[in-house]
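What follows is a pair of complexes built around chain A, which joins chain B in one and chain C in the other.
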Partner chain A sequence: MRTKVIYALSIFAALMLVRNLYVIFLGLPDEKDQGAIYRIIFFHVPSWFTSFAMFIVSGVASGLYLWKGRQRNDELAVAATEVGTVFVAIGLATGMIWARIIWGIWWTWDARLTWALITWLIYAGYLMLRRGIDDPTARARLSAVFNMFAFTSVMITYKAIEWWRTQHPAPVLTIRGADGLMDPLMERMLYLNWLPMLALAVVLVMIRMRQEGEQREIESLRRMAHAL
Partner chain B sequence: MDARNFTYMFYGFAAVWVIVVVYVISLVMREGKLRRELDGVRRMLEDKEAKR
Partner chain C sequence: MFLRQVWTVCAKDLRSELRTKEALNSSLAFALTILLLFSFAFDPGADQIQEISGGLLWMSYAFAGALILNRSFARELFNDCLDALIFSPVPGAALFLGKALASFVLLLIVELACLPVFGIFYNVAWADRFGWHLFVLVLASWGLTVVGTMFSALTVNLRMRELMLPMLLYPMMIPALMSAMHLTTVLMSGQAIGGDHWIWVRLLIGIDIIFTALAVALVEVVLVG
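Presenting the complex of A and B:
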């Protein structure tokens, strides 16, 4: 059943991406100041949406693990965190390339960019922390607590463009209260391109969860072998 | 389509796919390693049980 879901979501993501790329290149109007580079927004913003969604799932899964103690929740937390960090990397990389043209620099230490980098480093720290603890129960519990605190950084990154005056643009999307700042066709495409990215992320999380289960099985069999 | 800054747009799109492909390759490699490890541990367990 899980394999069928993985295939179905992969096919959906691939078809949706092909359709979206066609519209992004040939259907959407040009932006008057930026030239072709503005089209990066259709991957830059959805990659951040996806990473935030993954970190929300991961935080909830960690909370559930601490509450119920079920291993599946820990597997979901680590899988969603790992996939979330991949999408943060995409957000940072596309943002830097866009910044090189629009601001004339690859990077600046403004509040939004700095917190985005801190968030990435914190979640990379979560993944490294897990590698450093051998006992599966202690590993799951400690990393779950760490994960709950790490989510603060996601919230600060999200709100940074409202709390501080930054080089990064203030909110331009309708869902964040900036009505009319963006062409409705372009904004619609942002959400439409989020769907395949989210589907891809779900596929990657499902594959990564299966691996985490296999890892747990290996550890359990090793303990049995030592006990014999 | 307005072709200004097309090269950097290409770099941006390429960066997305390079990162995704590198992660997918790392997942595939990890899957292979886990399967080998799992087979090895199962064999070790069977050997130990057979010797008892």
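Presenting the complex of A and C:
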């Protein structure tokens, strides 16, 4: 069943992405001020949405683990964090490419960019912390606690463009209260492109979770073999 | 009762620290060394010094603080003191707050000793608006100590404790550190805190409250499991 879901979601993501790429490059016109480069927003913003979604899932899973102590929640937390970290890297990279064209520089130390980088570093720390702990139960417990702290940085990153006057563009989406700043067709495309990314993320999380579960099983079998 | 337990743990930590002075001396010497090293990185007499003074000062505080925080739980490893503390009838939250408070006092001592030294060596006005300086120091140091003590507890049993703690700690310290750097720079350049700067004060207070609440709620899980 799980394998079928993984295949179905992958095919959906691939088809949707091809269709979206066609519309993005051939259907939608260039932006008035930015020209062709604005199209990167259809990948930049959805990958940030995806990474935030992953971190929320990971935070909730870690919270549930601390509450109930089920191993599956720990597996979900680590899988979601790994995928989220990858999407943060995509978000940072696409943002940098855009900045190089529009601002003329790859990077600037404004609040949004800085917080995004901090978030990435913190979650990389989470993944490294897991590698440093051998005992599976202690690993799950301690990394879940760390994850609770890590989530605050996601909140700050999300709010940074409202709290500070940043060089990063202020909110343009209607869901963030900016009405009419973006063409409705373009905004719709942005959400439409979020779907395949989210599907891809879910696929990756499912594969990673299975792997994590199998690894745990192998570890316990090995311990059993040693005990005998 | 709870406050008495917090105080007992805090007093114990402070007493053992003041008898050996191992963390205090090394972190103070380390902070001063960093301040010295900064003077090679740029011209210490330049006018721009005021614009980066907050950053310099807090960088050295953060590095020095990590030394103190690293010791916070690690000092209990000898003779299995940590197990004894966990088995004692003191709740985890009291143990944590006591240890955090002790580290906070030590960090504050180091910071207050470094501030005039920095002012003299780099010719910045540290004594103006001293009340505000103290306000920023207390808020930011508490933020640093809460995260630091928590992560000290988190990493105490790890193989690579000395490596892991700074790697986890510094990114997490950044919210408090960033606000403190900004506010201190504002103060050092002789301005008052107001208008746009309030966001940083609010962030600092928010961070303190969130991190303290999280730490107090979760420390039991970390220590006992």
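To be clear about the criterion, the second predicted complex is superposed on the first by the 228 of 228 C-alpha atoms of A that agree within 3 Å, B and C clash if a C-alpha of one lies under 4 Å from a C-alpha of the other, contacts with A are read in each partner's own complex, and residues count from 1 in each chain.
Simple rule for what comes next: a contact is a pair of C-beta atoms (placed from the backbone, for glycine too) under 8 Å apart; a residue touches a chain by one contact, two chains touch by 3 or more.
Since this is a predicted model, take the numbers as computed values, not measurements.
Participant: Contacts for A:Met206 in the overlay, against chain B (first) and chain C (second): which applies, first, second, both or neither?
Facilitator: It touches nothing on chain B or chain C.
Participant: Contacts for A:Ile118 in the overlay, against chain B (first) and chain C (second): which applies, first, second, both or neither?
Facilitator: In the superposition, A:Ile118 contacts chain C only.
Participant: For A:Met186, is the partner it touches chain B (first), chain C (second), both, or none of the two (neither)?
Facilitator: Neither chain B nor chain C is touched by A:Met186.
Participant: Please tell me which partner, chain B or chain C, touches more residues of chain A.
Facilitator: After superposition, B is the partner touching more of chain A.
Participant: Which of the two partners, first being chain B and second being chain C, lies in contact with A:Thr94: first, second, both, or neither?
Facilitator: After superposing on A, A:Thr94 lies in contact with chain B but is clear of chain C.
Participant: Tell me which partner A:Leu129 touches in the superposition: chain B (first), chain C (second), both or neither.
Facilitator: Second partner only.
Participant: If you stack the two complexes on chain A, which partner ends up touching A:Asp30: first (chain B), second (chain C), both, or neither?
Facilitator: first
Participant: Who does A:Ser153 touch here: chain B (first), chain C (second), both, or neither?
Facilitator: second
Participant: Please report the chain A residues shared by its interface with chain B and its interface with chain C.
Facilitator: No residue of chain A touches both chain B and chain C.
Participant: Quick check: in the complex, which residue numbers of chain C touch chain A?
Facilitator: Spelled out, the residues of chain C in touch with chain A are 147, 150-151, 154-155, 157-160, 164, 167-168, 171-172, 174-175, 178, 199, 203, 207, 210-211, 214, 218, 221-222, 225.
Participant: Can you tell me which positions in chain A touch chain C when the two form their complex?
Facilitator: Residue list for chain A touching chain C: 66, 114, 118, 121-122, 125, 128-129, 132-134, 137-138, 141-142, 144-146, 148-150, 152-153, 156, 163-164.
Participant: Okay, in this complex, where on chain B does chain A touch?
Facilitator: 1-6, 8-9, 11-13, 15-16, 19-20, 23-24, 27, 30-31, 34-35, 37-38, 41-42, 44-45, 48-49, 52
Participant: Which residues, counting only chain A, touch chain B once they are in their complex?
Facilitator: Per the stated touch rule, the residues are 25-26, 30-31, 34-37, 39-40, 43-44, 47, 86, 89-90, 93-94, 97-98, 100-101, 200, 204, 207-208, 211, 214-215, 217-218, 221-222, 224-225, 228.
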